[in-house]
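In the two assemblies presented below, chain A is common to both, partnered first by chain B and then by chain C.
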Partner chain A sequence: MAVYKRGYQRYQGPLTGRFARLMAMPRFAWERLLQQRLVVIMLCLSMLWPLLCMGFVYLANHLDLIPGMGGGLEKMVSINAKFFVVFMNIQAIFTVILAAMAGPGLIAPDLANNALPLYFSRPMTRVDYVLARMMVLAGLLSMVTWAPGVVLFTMQSSMAGWGWFTGNWRLGAGLVAGFLLWILVVSLVAMASSAYVKWRIIAGALVLGFFFILAGVAEMVNAVFRVDWGSLLNPSRSMYHIWCRLLGAELPEGPGTWEYASAIAALVVLLLVVLERKLRPVEVIK
Partner chain B sequence: MPSVIELDNLRVQLGRREILKGISCRLGVSGAGKAIGLLGPNGAGKSTLIQTLLGFHMPVGGRARVLGFDCHRQPRQVRSCIGYMPETDSFIANMTAVSFLRLMGQISGLPAETALEKAHEVLFHVGLGEARYRQLGTYSLGMKQMAKLAQAIVHGPELVILDEPTNGLDPAARQRMLKLVREMKEEHGMNVVLCSHLLGDVEEVCDEVVIMKDGQVVHQSNLEEERRSNRRFVELEVMGDDSRLGEGLARIGADGVAEGEGRWRIVLQPEMEVAVLWKLAAEQDLLVRKLTHRRDSLEEIFLKAVGHLRQTPGEAAREEVAANGGL
Partner chain C sequence: MTLQFRMRQAWTIARIEMRRAFFSRRALWVYLLALFPAVIFIGHGIEMTYRHKRWSGQGTTPAAALDSVNPRDTAEEVLKKAGKPITDRDWRRRKLTEEEETEKGGRIRRYEMVEGRMMMYYDGRRSVRLFFEDGVLKDKSIREEMNFDQDRQAYAGVFQYFYLRLAIFFGCLGIFMNLFRGEMLDKTLHYWFLAPARRDVLLAGKYLAGLTASTVIFTGGAMLSFAGMLWPHESAAVAAYWSGPGMGHLFWYAASAALACVGYGSVFLAAGLLLRNPIIPAAVLLVWESINGFLPDLLQKLSVLYYVQSLCPVPAPADPGMPPLLRTLLSPATPAAKEWAVLGVLAVTVLVLWAAAGAVRRIEINYSTE
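Right after this comes the complex of A and B.
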């Protein structure tokens, strides 16, 4: 029978579980995200560098295709920790831009339209809401971070052989772990910005500004006080150090890994506090 | 059958201010399909009470239960069986009504296909069928109210909490909203909590009423019983010789006081119907000019409860009859 003829009937069937309810939000958000032309264009652009790297991996394993080049080339195009760190660094820039474009549309409209009471009056907690929103960004950013990274690693392993894989498995694991950590930080920054300001454009600018301004502040602190711990204020720098440690690449000068890891942990806690304070079903004025 | 809402010395504090000051009451009966009106002046704590039931605020003392579930300890279970229509605009502007309702249905636990089906169904039910593919941001105020109601009932909750549902509606839309509320309880067996400043709305659809003032329940009554008891107090005005009317009233078991010029105030026995007065008047050859129930309106009950009226007219009539040696 046609819906308009049937009339309203109360639903009394079985309800879905927590995970299915949680996944409903990302599904709707991805659908809407992929309708935004700019996001799709940026997503495509983000794939260029992994494609170039794939070409590089292919060449590195087929040096015979470039005749007349000596052993210097072989040394230059070797696939090692440095190669993957460079890959991660470039992709990290794209993730920040993508997060700045996609992140503000996740929470800011809910706050601007006072939609939070509708979510929280359903069987959904604030943690569920943050997880669901984070999944949107995590899914999107995974497409340009660890997913192509794993493809690169697998490609190199299959071309270079089992021996290379057993000697360098740490690169693959480090790449995935490093990117997951970066996705966590970038997603939290995007969500906190989106929760802090209700206007999408300003929230997007805030995401970009967060990384660029903090990098500038860190350099300023280092220069003014003639210290190196100012770099702890720069999340990109901290993450670069952690990636080098995870992948076993040469560590840059400055504070140690624990200091950088602590700085990232403190940042994550700070962002969670912002979300905790902003994402409330009702605002209580004390 | 558990009560729909059960409050036991519930105390809620926002900041340093105590908003709900030890409320205790039981409202409604699960599965009965009744409407409970929640009334009170601004700042009485109505919204805080609703938000506490939804688990938005943590009580500092006492407890609140909805359909047998503790609001603080079992918020998921409580929210699974509640539909909430907030007072203020709450939606996602750049979503179509169907997508919005589908999302809300899925978050409430409906399977994806069922959620889509119910979204269409409920939009037709509230009268937004033709506008269901329009973005919510383009809706008029009345349409937004209907969309808010639709999202509250899309998952078929057992309890629907409506916060000022007729706000901003024109008379026709208001009537439609009240009709939908009546249908919800009468045809679909949902329990409804209706929070409104419009006493007429509450009187029209509610079976029970709770009046709050300064964070406390100052009056709780069953409107149906109230209406029944009001029917016992009658004002009668007759033409003709009414000197034997007092005797006649005593004979049939009623009691009355003559106010002069053919006006009488009468108290009937609980089981008595007004028809006996017509019969009595006919027997004594009296012409009935006026016969009205001395009815306490909800407004009078409300004004008395919040302290703006010393006593309701019904109470005054009862006192007057009693003072004259009534029942």
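Right after this comes the complex of A and C.
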């Protein structure tokens, strides 16, 4: 057939499964991320707090090793919802910093180099692309969030016995659910920032700024208007409240769980809209 | 080449860069950060004025009458003492009266119906909400609607916790990082290097441009939010404040905003030159400045924030939401004398710019690594 008669013909051969296609991007991205020295250093640093918590769990279950341990101190070193909420709070800071380091490199280079048409010319939808990119971050952030959390919970369960596990299984379930929700929010923020600004560095600053500035804005609204609904603008505060509810810890003052959950849901929708608008396989240049 | 000639060159570079710093699309974020507190204070002012007009229109109650309302007063007694309220609502709701655990681990809860009522009064400054249950006063909530002192405290808190730590920090990060790192990313830095000007002159020009832009934007923002804080208050109170410490406060707030731009600007300019990813030092600096109050005295002095906060005329109120354990660990160092604070930041700036000048002289452009 003459060359000029050859039109576009879609590839008709066999395709790999959807999951295999989804995993193609994370596979390479994880490898690249773990080659970055700073990411590895940050990962190591973020393991320090879980290690300290493990020491604390060991201590709480072996109080008899310390002579003269009073009842007051015994109460202080108990492993309860408060302990896991504090653990989650500290790890959440590391996730934000890790997301600021790893997240911007996910989408920004594809946009800056007009690579999206190349991705979308393959059997991959925009949803697949977002999911694949999110899996990169979710995998990385899982290493510092629910994975060490589950290890802590398992360690405590094995030391304190079956009775503790049956009475406190909600802590483990709440920890995993809470962290998964946080990973979703942080990943979406990182990806939306990465899609919004094409420079990796600026996107990193935007991820950091998003959490810190919104926290500041929330406090400012509360202080100036003398209200407490301003806390709804702070995603970290909203998540803290949701974690307390999931783990059954004492709830902080302010708006209720439904209000905080709605604020998080609104944020997620907003970030998805940003991604939907920015991730287009074609660009109209005026 | 005379010093005067180099200064003229630096000023020419600054003029060109200033246009970018003030009017580029990226600068919108900086304006947003700088003006946001002003928007909040003006919004608060509008809310206060609107409420004052609406409630005053419905009739104010003498403060003495409201103070004479005591717990356990009945609704009729309150109406007799304070007159008709500006809001009067009633409702019926279930109230938990008893809760007991069963042998099987379940719970039995007993409820009773309660007649609730809420009356609200306004005395021109305070709004008082009275909550009744079955006709008896259960709770009295007083809110200062027009409180100049509280607003000044709120401004001090917003300025030190939001403006200095976040708005100026991230604003300077955006402005000053853009000066060199931004040019690298845009692949346009070589145009500057081809110009017949020394590289340290280029650095001075760019720093001057960033400093002018950030100082104008953030000092302006601080002054605007100060004005926004003042305008809804009674003119007599505002006049008394202006004739007293007001002007001094405004000056020192503006000075500390400008000094923060000087300090953070130099650090971020140098970070943009020395490191490929300036986000790392920015994150480290952000964490360092955030935990500043918890550090020993000597370490607190190794931060820009310590010197800048020393210039603030009103100490920031403590965060009421801070856990008690953290509050006990908080030990802010004694503020530095104002002249030492200014000298301290200027000395650090000179040192950092000197290091940055060394870096810019050695820099070799390799856009492919960006």
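Just so it is clear, the second predicted complex is superposed on the first by the 268 of 286 C-alpha atoms of A that agree within 3 Å, B and C clash if a C-alpha of one lies under 4 Å from a C-alpha of the other, contacts with A are read in each partner's own complex, and residues count from 1 in each chain.
As a working rule, contacts are C-beta pairs under 8 Å (C-beta built on N, C-alpha and C of every residue); 3 or more make two chains touch, one makes a residue touch a chain.
Everything quoted here is computed from the prediction, not taken from an experiment.
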Inset, instruction - Pick one for A:G13: touches chain B only (first), chain C only (second), both, or neither. - result: first
Inset, instruction - Report for A:A24: first if it touches chain B alone, second if chain C alone, otherwise both or neither. - result: first
Inset, instruction - Determine, under the contact definition given at the top, whether A:A223 touches first (chain B), second (chain C), both, or neither. - result: second
Inset, instruction - Kindly classify A:P281 by the partners it touches after superposition: chain B alone (first), chain C alone (second), both, or neither? - result: first
Inset, instruction - Please indicate which partner A:E259 is in contact with in the superposed arrangement: first for chain B, second for chain C, both, or neither. - result: neither
Inset, instruction - Quick one: classify A:N113 as touching chain B (first), chain C (second), both or neither. - result: first
Legend entry - Partner chain(s) touched by A:A100 [first = chain B, second = chain C, both, neither]: second
Inset, instruction - Answer with first, second, both or neither: which of chain B and chain C does A:P123 touch in the superposed model? - result: first
Legend entry - Partner contacting more residues of chain A (chain B vs chain C): B
Inset, instruction - Enumerate the contact residues on chain C facing chain A in the complex. - result: 26, 33, 36-37, 40-41, 43-44, 47, 143-144, 150-151, 154, 157-158, 161-162, 165-167, 170, 173-174, 177, 181-182, 185, 277-280, 282-283, 286, 319, 321
Inset, instruction - Would you pull the chain A residues touching chain C in the complex into a rising list? - result: 38, 97, 100-101, 199-202, 204-205, 208-209, 212-213, 216-217, 219-221, 223-226, 252
Inset, instruction - Using the touch definition up top, name the residues of chain B that touch chain A in the complex. - result: 14-16, 51, 54-57, 75-77, 79-80, 82, 84, 86, 88-94, 99, 103-104, 106-112, 114, 117-118, 120-122, 124-125, 129, 151, 153, 155-156, 188-190
Legend entry - Complex contacts: residues of chain A adjacent to chain B: 3-4, 6-13, 15-16, 20-21, 24-25, 28, 109-110, 112-115, 117-125, 280-282, 284-286
